[in-house]
Each structure stands twice: as C-alpha cells, then as structure tokens.
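Next come the structures, one after another.
The same chain A turns up in both complexes below, where it pairs with chain B and then with chain C.
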Partner chain A sequence: MVVEIYRIKFVFVLISFVFLAACMQTKIIEQHAIINTYGIDISEESENLIETVILSYIFDEQAENVTTINYGKGKTIKEANQNAEKKSSFTFLPGQIRLVLYGKETAEKGFKNYLNVLIRDARLSDMMYLAVSETTAKDILLLGQENADIDMGQYMEKLIEKEIKGDSIPNVSLHELTHTYEDPGKDPIMPLISLTDNKIAITGMALFQNDKYVGKISMEDAFLVNLFQNKVHDRQIHLSISREPFLKYLSAPQANRDQLHLSFLIIDGESKTRLTDIKELSYRTDVNLKVILNETSETFKDENEQFANLLEKEVEEEVKRQYKKLLATLQNANSDPLGLGSIYRAHKKNGKLTAKEWHQKFPETTINLNVDVKLINTGIKQ
Partner chain B sequence: MDINVKVKSNLRIQAFYLFFLISFIQIGVGIMGVPRFIFKESQQDAWISVILASCFIVMVISAMLFILKQYENADILGIQTDLFGKWLGKLLGTIYIIHFILAFLSVIITYIEVLKIFIAPNLNNFVVALLLLSLVVYSVRGGLQAIVGVFFLFFFLSIWLLGLLVEPIRFMHFNHFQPMFQASFTELWKGAKATSYTFMGFEILFFVYPFIQNKQKVRFPTYLAIIWSSMIVLILTVISIGYFSRDQLLKLEWTVLDMFKIQNLTFIERFDYIVIAEWMMVVVPNMILLMWAITYGIKRLYQVKQKTTLYILAIVILIASTFIDDYFLIRKIIDSVAEFGFWIVYVYPLLLLPMVLIKKRWKRKSGGRDLSH
Partner chain C sequence: MRKGKNKSSKLFPISVDKLKTLMESKFENNPDLSFTIFEKSEARIAVFYISYLVEPEMVEQFMLKPLLDGKSKWTNQSILNEIPLRSGSKIEKLEEILDKILIGEVYIYVENEDAALSYLLDKKEKRDLTQAETESLVLGPKVAFTESMITNLNIVRWSIRSTDLVLEKIMIGERFPREARLVYVKSLADETDINTMRQRLKELEVDQIEDSSVLMQYIEDSSLTIFPQFYLTELPDRFVYAIDKGRIGLLVENSPTATIAPSSFFSFFESTEDLYMRWHAGTFLRSVRFIAIFLSIFLTPLYVAATTFHYEIIPIKELLTIGNSRAIVPFPPIIEVLILEFFIELLREAGARLPTKIGQTIGIVGGIVIGTAAVQAGITSNFLIILVAISALASFTIPNYLMSTAIRIIRFPMIILGGLLGLIGIMFGTCFLLIHLLKIKSLGRPYLTPIYPFRWEDLNKALFRLPIAYQSKRFYSYQPKDIKRYKKNKAKTKKDIDE
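Entry: the complex of A and B
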C-alpha cells in the first residue's frame, strides 16, 4: 500500500516535469541565428541613422557556410538589428555576441550612446570585446568575409584574444571598457582593426577621450601601456639601440650602419607608479624587466659581464625614451589610458574628480621614469 | 494568551541550528544589490558602514537576548502581552505579523524580477510564484523542525557560490578605496542604515526562542550568525568597490549578480544563470521561515489554525505577486519594508529593554513573584 502511494506520487512528479517544461519559451537552435559579431556605423543617409552589420551563426543543414551576414538600418541598434532580421528566416539571438566593431566615424562621434545597449541587457556577456575599425565597420566585416577562408567573427575575436593573452595589449572586454569609461581618471582604449593586403589585422590601439576617438598608438606603444598597468610574462620585444657604445664588442663591424637591432623575450615585467608631488602632478614609475636575449642584428665577439651591463643600460635608456614619446603622444591627444588620473584621484583630498577636470590637468603631468632591465641569459650561445 | 509557550520537547530544536536560521534569513534577496546602496551614501568608505551596522546589530541582538532571558519560555507576542496588556499586546503583535507579510512579499517579487531581468523577460509571474509558494507551503506544513532541516541543507548547497567571486577579485583595483576615511559620520551612518533591509530577519529570534531546547547555549550560534552574515556583506561590498568604478557601481541595479557575469568555464559560458537559479536556495528558506512566523504568530494571537492561515496567505501572495511587476512599485514596496522594518527590527528591541527591566523591578517590589509565573 505504501509502495502504491509512493508510485502515485512519483508519477505525479514526472507529469509535472512535462508541464513545467512549457513554462519557459523554447528556443530551437535550428530556427535561430546566433549573433557573433556586429558592426556599427553611422549611415551615410542621415546622422541619426545607425547601420549595423551582423555576422551570425546558423545551424542549417542546407547552408553552405555557417556564418551569414545581414545588414539593417535604424534609429537605435536594436531597431537596426531587427531590420536586419527581416531579411533573414532566422530569429537573431544576442547572447553569444563576442565582438562589437565600431566604425571610425562612429567612434569619433563617441561610443557612449552605443554602449548602453550592451550593458542594459543582462543576457549579454561582460567578456565580449569592443574594437574600432580603421574605416567603417561594414568594410572590414564584408571584405574580410570575402577574402578570408575562415570565419570572420571568430577570426577577429581570436585575433584580439591572442594579443590579450600574449600580454601585448591591455584587456579590452566590455567590463574593462565600461569600467574605464566610468572612471574619470582613465580613458578607454580599443584595438584598431584595419585591412592590410586583404588581411584583417590589429594595427594599433585607438585612443579615446571619454568616449570619443582622438587618435591612435602603435602596437609597440600599446605594449608599453599594458606594461604600465599589468604584469607581463613571456612577451617578445624588439628594440633598436645606438650602435656606437658597442663598437669594440662587434666581431665584424660593418660600415654605414648606426643602429643595433635586438630582440628580447621578457620573462617578467612589471611596473609601479606613484604620485610624488600632487601639486606639480609629477609621478614616479619604476619599470622592472627580466629579459633573455634572443637575437641580435650583428654578432659580438665577447659577451662578458661588462657587455651585459652596457646592454642593460642602453636598453633601459631606450625603454625610457619610448615611454617619454608615448606620454607625449598621449598628452597631445589628451587621452589618459595609463590611469594616471585614478592615482591622482586616490591621493586627492576629497577623492572626487571629474573627467573634465582631469583632461585639463593631464597634459601637464610629468613622469619620472626609472627602468631596470636585468639580462638573465643570452641563450645557449655565449 | 499565555505569556510563556509550552513546546513539547520532541518539537524543540537545538540552539546550534540558530546559526543557520539567523545567518541565512539575514542574507536573503537584499544582498544582491546592497553594495550600491551603501556606496551611494559613504562612497569608498562603504566597508566602514558595514562594520558599523554589524556592531549595531550585535547591540540589538544582545538586547533581544536579554529581554528573552527575563522570561522562562516566552516569545515576543507573549512578552508584549505581559508588558502592555491584552489589546495593545495584540496590536503590536499584529504589526510584527504585517512586517513579516510585507517582507515575504518583497522577497518573492524581487526574486521574480531578477529572474525576469537576467534569465527570461517573458517569464510568467503566476507560474513562478506558484512554484515557489508550493515549496513554501509544503515545507511549512512540516513544522519548524523540517524548516530547520531545509536551512541546514540549503546553507551548504548555496555556500559554494562565494567561491565564484575569485574571478572578480582578480579584477579589483585597490586605488578605488583611496583616499580612505573621507566619509563623515553622518554619511557612514546613512550607509549603515542602507544595509537595514539586507540585514533584516534576525528578529525571527523573538519567535523561535521558545522552541530551543538548550537555551543556555543560545548566545554563541546567534552571535556567530551575525558575524557570518556581516562578513559576507562586507566581502561583497569590498569586492564590488574594487571591481566596479564608482560611476559604474552607482548605475548597476544588482551589483552582486553583475560580478558573476564575468565568470565562465569551457563547459558553461555564463555562470550568472546558474547563480540566479541557485539563488532560489537562498530565497526559498527565507520565505519558508517568514511564512512559518506569520502562521505561528496568527495562531498565537487569534487562535486561527496554522493550516488555514497558510493556505489563505499563500493564495493572497500568489495573486499579489502576479500583478506586481512594475519596477517602481517593487522599489516602493522594498523601500517601505526597509523603512517600516528599521523601526521594528532595529529600534523597537532597544525601547523594549528598559520597559522589561522596569516591569521586572516593579513586580519584584509589589509581589516578589517571578515574571514568568
């Protein structure tokens, strides 16, 4: 009898599962297109019209390609996406967006208004990347898709991910971006994607003042920005230093060359920045690099300790010079991706700072750099 | 109504379980958004506000324990009748019950709102409320001992969520805390007051006290529970200040849930879905205990069968939570619960304490009889 009652209860529970399944709207994957990447441009027709290009995955047996491209125009991004959806037999789902690409013109006008659509929707991941196209987003996505035999959306995502994982550029995820955008003492930075020789590549980083594109820096400089903020491991660095101090070490000095080109592997790199004088806005940054010498453009006859010390010193000077140049570029564009303003805010009396206030002060900041390079070894060759 | 409650010894619980009851009911739904509310008042010094609030709670809970110790086996309803007489006692008891009903309603509508925002915008309020309430009804029918069992199990089933915070900790910026000690005492105090909704729930001690078997051991689990829940709120506040920049923090509705958004593993892309579903294990015990307190209180005050109140109230809440789906209305309900609860939970026990002491002295003078007889 007891067993009987349990059996009835069990059947009841099982039946309830069947009905409960209908409580949520079902989404069948074959009927949906999973948006992977989309690009945002301001339409040529009107300033208020947004044009989006959507790369999405479809899971259809008949489809030759997994990725499809759709375009749409609208006053808001959602409207544009919906208009794009009208030209497709699939329903678009936004939950897997990995990359949002802004056209250059859009970025120049400011990405502020295009950011809230990404934050408002809880279904979107905070780990997606944001990037800027050197031309329009449409150009990159279309041409890229035509030329590349691989899938475009995934390709670009991997491209950016590779650079972040390899410590070449700072993290550019949506979370990091909103974080810096909302931080008055720091400006956002995004990878700049362009088409070179029909290949999509990251050619540098876009500088922003608040939300407006104001300039770009090279990938080499992007690495310096990253080194300024994060710890760096296992990253190649190529430097050109003056050849003159090394003349006596060269095994076969060739004429008409004035620079020595070197490749190092940074094993560990870190930096620390402190505010030394709040009135003068002067900072002191200590950069520590542990490197391995990989390649030299010319051969040396005797790589002794003195040589190593000289090399360290010259590399230190070069890194210092590069940082100085970078700071000048940043101050010229009045964009502070280094986060000097955050340090300033942390030491300010009431701890309050506005972005406007900081952009007035940032061009006057000075950094007293102190680079310490330690050559760990020179490979198996002595 | 008897001042002291006669509870059969087989229905009693060990004092040790108070830890689970109190720490769990304190956490509830409020914690999902609390760092923002504290930060709004005391900025980067928000963590001091949390410590301040916890100290205040320790003070309140000491007062509560002191009041309860004056009686042999009484709950708040009995104590109020003893102090203020039959009618006023009943009125005050009813206010407590209303507070619990409102708290219950705020928990269920907040959780449904979170589900709708984070998981499925087209979720039917009625279905979710029905499912949650059927669990509540089922557990409350089991009595306090079953409820304690639920708390014990769900505590361990949900505690691992804290482990997921490792990822946001990695993204913390420590200069968000600087410059330290900038907030004035008023700001700190306002920040502490902003935690009132989250920390609410320990007033349940006034109701479960008569059910405890070994009363001499009540202090330790109670204080431990307060410290535990304060630690959790403190940790979450510290992480959110470090993880979000200040303007970002002020704009996010569910600060704590947003921190789980960056968590992903190869086999599961979005961990926040799991976190929100898992949060049911935090929400359901809360609702169960509140519902038990309501039905038990009404039985004590008006001699209505617990079963009757349970079913009627479940239906009323079901209807109410089906229709309350407007964001601003939900905010208003939560704010009024917080405001109303602040006086009942945090201020009232401190006012009650001198009255109990005066009454005790007065009785001793006039009759020399113990209060509890």
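Entry: the complex of A and C
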C-alpha cells in the first residue's frame, strides 16, 4: 500500500511537470517575423554604430508581400535588430538566417566582431552563407524591395549555392568560414555581390587578410582557387590560347585573329600540393584535368593525335599561366585563400604558426606548377 | 448455482402425471416446454423437451414413430434398442435434466422406471461461413470464424488433421457457463505456456463472459496498458498460422474471434499475407507497416512541435507554405491539430457505426466536403489536412484492429506533449512509451521480443522475411518444443538432365 501511494505521488509530480511546462515561450511561426537575410553596415553617424538591414518573412493575411525589410541601429547587432523590431508588429526570430551580407566598408574594417553573434547561438544554421557587397549592404538589399517579383534573401542564397554546387567557388558556409578564420595558414574568402545592369550578381570573390577585406579576384580565378583545394566535376571552362601553333590544322584560316577561343568541360579535375623546400618556401603543385572539348571559335580540318597532343600542351601552358597570374594577385594583396600556410605549418618543426608570421612569408612563396590535361573526347564532328 | 446440485433426493420412480406437474412448475413462465403423454396397453410414457431447441422432424421420425409402432413392451432397455439414435443415455437426477434440456435434449420417461432416457437432438441456429470483415486479405483463404463452436473447430481441423492437435474443453462462467477450447499442438507448444493459460482460465471466477475479447481482458497480464497483449483474429488462417508455430489458441462458444497467446508487439504487424507473397513483397509490405506506425504516432505531433517551437528545422520553402496557410488560422497549432484529429476520429467512428453503404458516403462527404470547407473557413491549414490524412491512413495499415485503435489513441498525448514541450516533449513521450513496452508481458513472455530480449535468430520472422530456405525455424522467443520446421530444401538444386 505504501508503494501504491508513492507511485501515485510520483505520477502526479510527473504530470505536473507537463503542465508547468506550458509557461515555456512558444515560437508559433505566423506570429513572428522570420529573418532570412541581414546586411551589416557601419553607420555614417558614428564609427561604433552598426546599421542592420533585415529581410524577413511575415505571414499576415493583409500583407501583400511575404518579404519585409526593416532597419535598425545599435552598438551590437542584436541591439540593432531589436531596434528594427520596434518598427514591426512581429518579433524577429533568427533561426532561419541563410545569408549575412557585409558592406564593403565594414568588411574593410574587419568582420571579426560580427562573426561571434552567429557562432554563439546554437539555433543558427552553420550552413548559412556570408558574403560581401560591393557597395553598402543596404543598397543591395533595398534593390530587392524595389524589384518586388524576386525574393531577395532566397535569390542571393541560391545564387551562391548554385556556384558552390557547380564547383565554381569553394564552399563559403559559416562552418567553413569560421574554420579558415581560425586557421593561421589560410585566409577566408567570400563571394562578392554587386549590382550589374540593375541585377544582383556574384562578380567575384573577396580576398581577406585575416578578417579584413584586401582585394578581389574574378570568378575565373575563384575557380582556380577551388581547383586548388577540392576535386571538381562537370565544370565548364573557357580558355583563350595562342592561334599560332594551330595554323596548319585550321580548315579556313582567317586573317587578323591572333587567339583561339575554346570551351572545355572538365570531367574530373584535382590537384595536389606539396612543400618541396621549406627554406625557400617553394611548392610543387600537380593539377590533373580530364576534359572534353565542347566548342572552338574556328573549325579544324584534321583532328588527329598530334593535334590532340598539341592542344593538350597549349591548354596546360594556359592553365599554368593563369595560376601564376593568380598567385601574383594573391601575393600582391597578401591574402592566402589557397591554404599554403597550412601546408607550411605541417612541415614546420614545432608546428606553430601565427597569422602575422605567415603574412610576412607568403609573398615570398613560389609554386612549381605541373599541369596535366587529358583530352578524353572531342565530340562527334562530321 | 451449480453447487446445490448434489443435495437432491432420488427423483425416480415417479408417476407420469407427477413428473408433468413437477416439470411445469420448474418452467412456470415458459410456454415452450412440450410435455406429451402416450399410452399403449396400459403402459404410459412421457416425452418432453423445449420445442425450439430440438429438430421436430427428428423427434417425430426417429423417436415417436418407432416408439408408437413398436410391438414390444415399453421398458428403458427395449426403447434404447428400438430407437435408431446413437446418443441415448440414462439420466437419474432432476438437476441434470433441467441442465441438459436447455441444450436441446429430448427426454423419454417410462412410468415407474428408475431413470429417464435422454437423446440429444439439438437444433443449432447458425449462420453460413462468410468472408472476414475486419481483417481483409488479398491472397489466401478468406473464410472467417463464426459464432458456432462446432463450425470453428471444424475449420481448424481442416488445416491441422492430426491427433497432435489438442482441443481442451474448459467451462468458464459461474452463473451462465460457456464452453471455451484451449487449442495447441501437443508436440510443439511450450508446457509452461499451456499451464499458465489453463490456470488462468480455471481460476477465473466470473458470472459469465460475453465474448472472447472480454475473456481476453480477464486473463491478460496487465489491464492498465493500452496495448492488447493477445492477438484477436477472425481468420482461421491466421489462427492456424500461430498454432503450428507452437503458440496457444483460445476459442469461445458464440464468439467469432479467436485469441492467440503469447503475442509479441511485432506479431501485431504481421499478416499471413506476408507469407503468401514472395519474400521481397512480404518484406517490403511489412516495412511499410512499420513506417506507418511511426507516421501515425509522430507525424502530427512533429508538426505541432515544429510550428510551435522549432521553426528552424523546417526547410525554408516549406516554412513559407506552412506560414501562409497558417496565417488565416486563429488557433495555435496544438488546438488546430486536436480539432482536426478529433474530426477524423468522428468520421471513422461514424463510418464504423453506420451500415456499409451509408458509411462510405459519410467518408466521402466528411473527407472532401468538410475538409475543404474547414480550410476555407480558416479552422485549419491546408498543410495539416494532408498530415492528418496520412496519419489516419497509416493507422489503417495495421492488420489488427485492437492495435490500430491503440496506436490512434497514443497520438493524442503525443500531440499534447509536442504542443507543450516541443521535440523534448515528444522525446519524453517516446521514452515513456518504450519503457512501458519493455515492461509489458504477454502470457509471461516479454512483449518486445525479439528486440528485447534480443534474439538475432527471430529477427527474420518478426521484422522482415527471408527466402523460404532461410526461414526454416520457428520462433526461439516462444520456445516451442521443436524448433525446426523443415530441412533446407535441396530438391531444387539443379540435377543433371540425363539422370
């Protein structure tokens, strides 16, 4: 009988837990604004004031558009967001943020201080993207409000996702970014979003030295960075090579042209980098590409084996040249998104490297490139 | 009632007239007692029976005709010899007469003899064999048990023609006893199981049992749990399938459902059809059913939890759809779901109570008309209608009606937990459910076998199906006396064509 009463008490306590829990705050979706994207700019009024532009979804019968835009200013991002909330009848929820956009000026001053708000909250997705806008973030996001037919937040997210899935740029999710940011031998890289012809597009990649914006590279170079780090599949590249060696293969040589424009599909591409001399800081990189020839700017009459070999050789030279140019740009900006510093650190005696130390050494590095292009298919041509 | 039986004093010999008054006093308000007195050469006999319980032609043709046409003197012995019926016997006690006359015996009493003669000429009203209604099969035998015990035993015998099959008779009920049969295969069924079941039946002290489903509730291991612990089936096919694996069956007079014990949780999701199909289809369909349980229990609670607390886990496109369709709904998700789930339960209950033809109409009217209107009226969101329909549909895939009902009910506390505590609440509920399932026993055997206690050898029978060659053993979990069913078939290996 004692056991019985004990058990009844136990069940009663259990049940009361359930009902006491009703005090927990609910986050019913249609009663909140769900932030999809926000932009961060430094306010014109003061250096210390942050201005955020928040793109959020609201579910309201009366509202015409699901996406709304709000502004707020504050000393921290949370404060700015709360100030923005005052101008809305909904409470903002951060759990669905997919993109954070930094204004160029903000990025130049360093994004370090704006990163921790994203990391501290466990509800935020690690898969969100970070990007830099060519102008202020506000300008870019406001354009979305004007072009009511596109949903800015999702549009930009998809824009970046498409490039990553297509192996054009390395992964730039928050997860990757915090990792590279903490790694002293590697600098972060972010998509650069800008306005061209009144349309929003990714025009290149922003280079960072630690957390500060120091320059940009084109999308073509971004692909080379990606090829340096990852395996790539099914990616189109367009190369222009010298026309001179191919003159005898051309079916109808036209005058006043000096370059041959070619489009290839890279079936498989990979690269491997090793440190060959730790004192001289010289690296050796092997790049292997398996390509299919898709398009040529001029037609050839006799595509035999020698022609294929010549083509492979010329393409190898062109890729090599492009890599050299990229390395020069990177060294000029003193930003190392390739991760050469990580390889260096792995070979260093005590295995310790500070970002400052590496940025002194990086401009002196040399890469001995070895490109191997295999033309596996030229398509049916008759 | 039956206890007073032995006290009676000797009834016979008695005069026919006295017997008549005695019988009529016993059946005072019962006009159906037929008591006739015949006279022949100064000897008198009485023939009495309850008119609607016996076959009248049989009485006239095989009993009265030889009796009245016979030349010899009426004595018990001469009557026994003359009447061409097998079941004649001598009865001396009044109580016995009163008992047996109610199952359709006809009595002949020759005046001044020591005993009355009884003949069983009962007329049983019974329906024909029909197709099973609650458990429907695509393949395999479709005949269902009926209310008649004789018919049911007959059907079981069709499948197991062996003296090994025991049909033990046990009377249950103190006031209105009813016959039950304990069915098992002697060389297979575990002795402990048989004894446990027999003991539970014999020690049962109830005035009467209404049906085998009621009997099941009297003898099951725990009456507090929501889960049925014995399998209740109306398919002889399913019944025999369990018996020949070494389990115990129970048939009850006047009940068209049979009970199978012990039954594990997973056996409720088995269908004999899994066996009739090829093993690929069998495995596939069984996994569909297992997925269906999860859908049925968790789909709507997850919706409530996600829309109330965890908007982060919804993909952004779905979030927009859900948000837009929820914008017009004035209730929080938990109320919305409870309303709609209750509505589905209403539909189902209405469908079950109404005659089949009207029931279908109600389903269509309720489902389509009210469903669409509810969305337009802003009581519920479009998205939820789909979820509720799927979870209702999923609960129909469970072959056993009792289990299907249990699963339906479990969903409601889950919804409430999901609405109050979110995913954590659902986890609490799931843990509670699992712990509870682990503690249940069926006829003293663990309910969750072969998962707990884990039996690797039984997984291929409980969770999925393998080709026949790998399925040659009975359930270890039920501990049958003979574990092997057949030797692996080597006959199908290819032989040389010249042999």
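Here is the rule we use: the second predicted complex is superposed on the first by the 359 of 382 C-alpha atoms of A that agree within 3 Å, B and C clash if a C-alpha of one lies under 4 Å from a C-alpha of the other, contacts with A are read in each partner's own complex, and residues count from 1 in each chain.
Note that in this section a residue touches a chain if its C-beta (ideal position, glycine included) is under 8 Å from a C-beta of that chain, and two chains touch if they have at least 3 such contacts.
All of these numbers come straight from a predicted model, not from anything done at the bench.
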item: Which of chain B and chain C A:Lys27 touches, first, second, both or neither; value: second
item: Touching partner for A:Ile343 - first (chain B), second (chain C), both, neither; value: first
item: Which of chain B and chain C A:Gln96 touches, first, second, both or neither; value: both
item: Which superposed partner A:Ile8 touches (first chain B, second chain C, both, neither); value: neither
item: First (chain B), second (chain C), both or neither touched by A:Ile278; value: neither
item: Touched partner set for A:Ala328, first chain B, second chain C, both or neither; value: neither
item: Touching partner for A:Asp126 - first (chain B), second (chain C), both, neither; value: first
item: Which of chain B and chain C A:Tyr57 touches, first, second, both or neither; value: second
item: Touched partner set for A:Ile376, first chain B, second chain C, both or neither; value: neither
item: On chain A, the residue positions that both chain B and chain C contact, one per complex; value: 24, 95-96, 123, 125
item: Residues on chain A engaged by chain C in the complex (per definition of touch); value: 18-19, 21-22, 24, 26-30, 32, 34, 36, 57, 59-61, 66, 93, 95-96, 98, 123, 125, 154
item: Chain B to chain A touching residues, read off their complex; value: 43-44, 117-118, 120, 122-124, 127-128, 131, 171, 173, 175-176, 178-179, 182, 244-248, 251, 258, 261-262, 264, 269-270, 272
item: Residue ranges of chain A touching chain B (in the complex, touch as defined); value: 20, 23-25, 95-96, 122-123, 125-127, 173, 175-176, 178-180, 182-184, 342-343, 345-351
item: List of chain C residues in touch with chain A within their complex; value: 307-312, 314, 316, 319-320, 322-324, 326-329, 332-333, 416-417, 420-422, 425
